[in-house]
């Protein structure tokens, strides 16, 4: 059991494809996506149609990969898309996977 | 990057509307909702129809807001609804958002 | 408020039934399931049909229950199924529930 | 038509397919989105059909039956409540919530009684959907009132509750359908008939498959909820249907119309009432009312109740 | 047919049912999976219908109207952009994105104008779906170009953008439907007619219910987005439709065909354009273009626009 | 009907639309709930159709073909296993799992062969759905047995496995449909015909669109799984179909019936078998069996196999 970081990105489903294309390039070995709705600075996103849905993307990775992804997102998406990011600590089984 | 609390509420989807109406009043700047099913003290909730669905609501906020929401839920919903609450630590990017 | 462990299992939805049947036996008092998709060592799982869907199962429990479930999964499922497991700390309200 | 015939109706067969799937723990599961869209469809379609009928009815003929329906809806929970309290020894919130369910109606049971009568070629009044809508609301209101008056209860304002009842999915869609049907009329509805009218029975069969699955999960709760609830779940609909029969006959409904009013009276809601009660009477245990309404009364009515109520209506006329 | 008649058409009634549900904050919600499948169905069905028509049309007759459609699609955003910049004082990305929406078309509005003409028994050219497809693309391209040229913008390659536009759900399904329709022909399509042709209007009614819900959420944004966007959302379609009318008449379309081209010109996209713009012009605020297209122009066209454009087409002929 | 004609059938066109969408990486995605409900619908509808036919068949005429079908289902995996082991050099679990898939059947391929024969006006026995159901089960059982006997495998009890096979979605729905069809009979089914019978081909077309999408994702795995699996995915169905042809002719089926049995034999399951194998033979790599069944054999059968098997049946008679 080893410590890793879990980076959670909650953003518009419109950019899911753009984002996941980048994740691997930035060093993530995997990710998990869940459909979500919510509310934030850019208003209520009720998830009832295309333009109104969120995804929550979890990436378990090491600190430096997390950092790279955060930097990438902040440069490319922060300003223009509904998006939040946060990190937490997780203890992973089979650490070689992450 | 700053530390915040993530409050997770898992409860019956029947009270989603009542709950989210309160969250803002109690100081939350946002929330994220995901559809869920599960099992707990009130039995299996298979999520296959109206009366049997759960929602998982995540609220990133400061300690005192988390505390207010916990208190509100414990006063209003604990006794009568399927509900669990737990808190965890997260490191947020753009702390001014939470 | 007391500290507990949150064990997260992300795996193929094909074994959801087998798994949840075991959880109670291994000491879990409840669990929450969310539908997910993702990518990992076993490739992209797009969640668009039966054989391609993931579930994310969260179990709040004490350290020893978590350990038992991790051991069980590692013995029965690791080798043959798409599966990741990780643990994190949570502070639960109503600790007697977990 | 004997009860065996009714049991062999394909719509009922679908319900049994669902129940059996649940009992044998088959992997079969309908996605929640499908439950949702089927219930929306059925409520809208029932409303539209009613609206079409209304658009060709004389309003004067409707007033008396409507008053009859409303009074049935008001009376049933008032009768059910003391039974649940005294015989069933249930708590006040539980008794009030169950009473509301039995005063209110099941739109699906309504659809099944219509198809039962159609099959027997028994004619009925065209405006019975209006009775359905009228019966949905007062019982829920009475249930809430009983719960409010008898328990120290009240985190939620009456305003919010009224909103919940009138703008809940169920009532809203029925009324919306009625309006669309009345305004559109037969000609206006013609182009969407192939979606909103013709496949109704097939969609109902599908929904009953799903309700069978849901009801089967309730069956396992029967042990916990005890024998009283089973007896109540069978006895109460018969009692209510008897009241409905008498009132139906009294307000001058035909045999078909009387059968429908009796079935409405004898049915227990599981779309509108559970949603409203969960919020209005939080202390009531959903397991009790859902098990009674869905696990006992709903299948009882589908298989035995409806033919019985038809028999009752024939006797009184 | 007067505007009141149009308002009472059941398809439009469903839209109103959705809008009202949103305004009174009813609990009614259509699952996202249903929104998704309805939009896929409608796009495919429109394409197939168009393909069937194409399979019996002479290609030579189509060339001129097609050129007309494309030029309308190219011209509208070029006209809209300066209006949005100068009169509306909108930022460059916002103006470019909105311009693209108004140059592009709404497939649902197209479906409604067809049913409007069918009801009046006004004949129209069989190949109008081809015009729909042709109009979807150029305006989005022009919108992206304006945004690119006028703003220091460009994280995403043109290749990716082209992919987004041509292989986005909307265009792909329309073209796929066209191909299926052309290749299959009337005989080939016959066995699937009951699914892909006949229930079209009913499915459209259901989709309009959903769009009413979605549009109603947009209404509350109107206060924030200001009065200019409301005026633009009504004025621009009329202007575009006028252009469409003249071009339609110019390329020799019938009254029906001219009404259709005018409606296409006057409609604003909310499937293809929002998806493309969100990625191509990220700085554009979606609230603005969605509110204008869905909250103002779409309902305006359904209720007032279409009868007006028909009137315009009648006048010019 | 030539293979080109078959390729241009709209049902097949929908499959191609799905495949192409996947290949060009279009944004098109069908919600999982729709995949789910379409597969439930098709299985039920196939069962009901079969039940209706059974209800008018003589049982004595059915026994021999049924025995033929079961023996085909038992024999194919026993033949396939050594091929996969020796020629393919596959591990025991992989070989056993793939063998089970090829012994079992594809309900969708079955539906396509029916519509192929209908189009050619070739008559066939009414009870072929019974053969479908009978063929689904034994091959899966044999596959599990081979895997169990040949590998040190066995965390899951046979009881659980039997449950998985018989109460899995696929078999349960086929049998439930059969029962509903037999019990209801033509008259009983009439009111739900518009949902469960008439739109079948349209729903099938929609499902094939989805399967095209799913299959296209499999195509990219072909490189990794190697050339043997491609050859097996084409050669095995032809071999199995040849066996099916001989057996069909031997048990006295008509040309149509023989074509159907051959197609059933030649098809590879991708609803029942993958679900059962994932649990029964966890060491088997799903990429292999899914790619072979869905990425190679399914499209091969749709486009080339079915016309070929029809040709084979014509030759032998």
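Letters A, B, C, D, E and F mark the chains in the order given here, with residues in each chain numbered from 1 onward.
Simple rule for what comes next: a contact is a pair of C-beta atoms (placed from the backbone, for glycine too) under 8 Å apart; a residue touches a chain by one contact, two chains touch by 3 or more.
None of the values given here were measured: they were computed from a predicted structure.
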{"item": "Chains touching both chain A and chain D, listed by label", "value": "B, E"}
{"item": "Joint neighbours of chain D and chain C, given as chain labels", "value": "B, F"}
{"item": "Chain D on chain E, rotation in degrees - Cα superposition, rounded to nearest 5", "value": "120"}
{"item": "Remotest chain, chain E as reference, centres from CA atoms", "value": "C"}
{"item": "Distance between chain centroids, defined by C-alpha means - chain A, chain C (Å)", "value": "20"}
{"item": "Separation of mean Cα positions, chain E and chain B [Å, integer]", "value": "40"}
{"item": "Separation of chain B from chain D, taking each centre as the mean of its C-alpha atoms, in whole Å", "value": "33"}
{"item": "Set of chain F residues in contact with two or more other chains", "value": "27, 29-33, 36, 275"}
{"item": "Interface hub residues of chain C, defined as touching at least two other chains", "value": "34-35, 88-89"}
{"item": "Interchain contacts, given as pairs of chains that touch", "value": "A-B, A-C, A-E, B-C, B-D, C-F, D-E, D-F, E-F"}
{"item": "Residues of chain E touching chain D in the complex", "value": "8-11, 13-14, 17, 20-21, 24-34, 115, 198-199, 201-203, 205-206"}
{"item": "Residues of chain F defined as touching chain D within the complex", "value": "31-33, 36-37, 40, 163-164, 167-169, 172-173, 176, 179-180, 183-184, 188-189, 191-196, 275"}
{"item": "Chain D contact footprint on chain B (complex, rising order)", "value": "12, 14-15, 18, 35, 43-44, 46-53, 76-77, 79-81"}
{"item": "Footprint of chain A on chain E - complex, ascending", "value": "29-30, 32, 35-36, 155-156, 210, 213-214, 217, 270-271, 274-275, 278-279, 282-283, 286-287, 290"}
{"item": "Parts of chain B lying in touch with chain A, wherever the complex brings them together", "value": "1, 4, 6, 20, 24, 29-35, 60, 88-94, 97-98"}
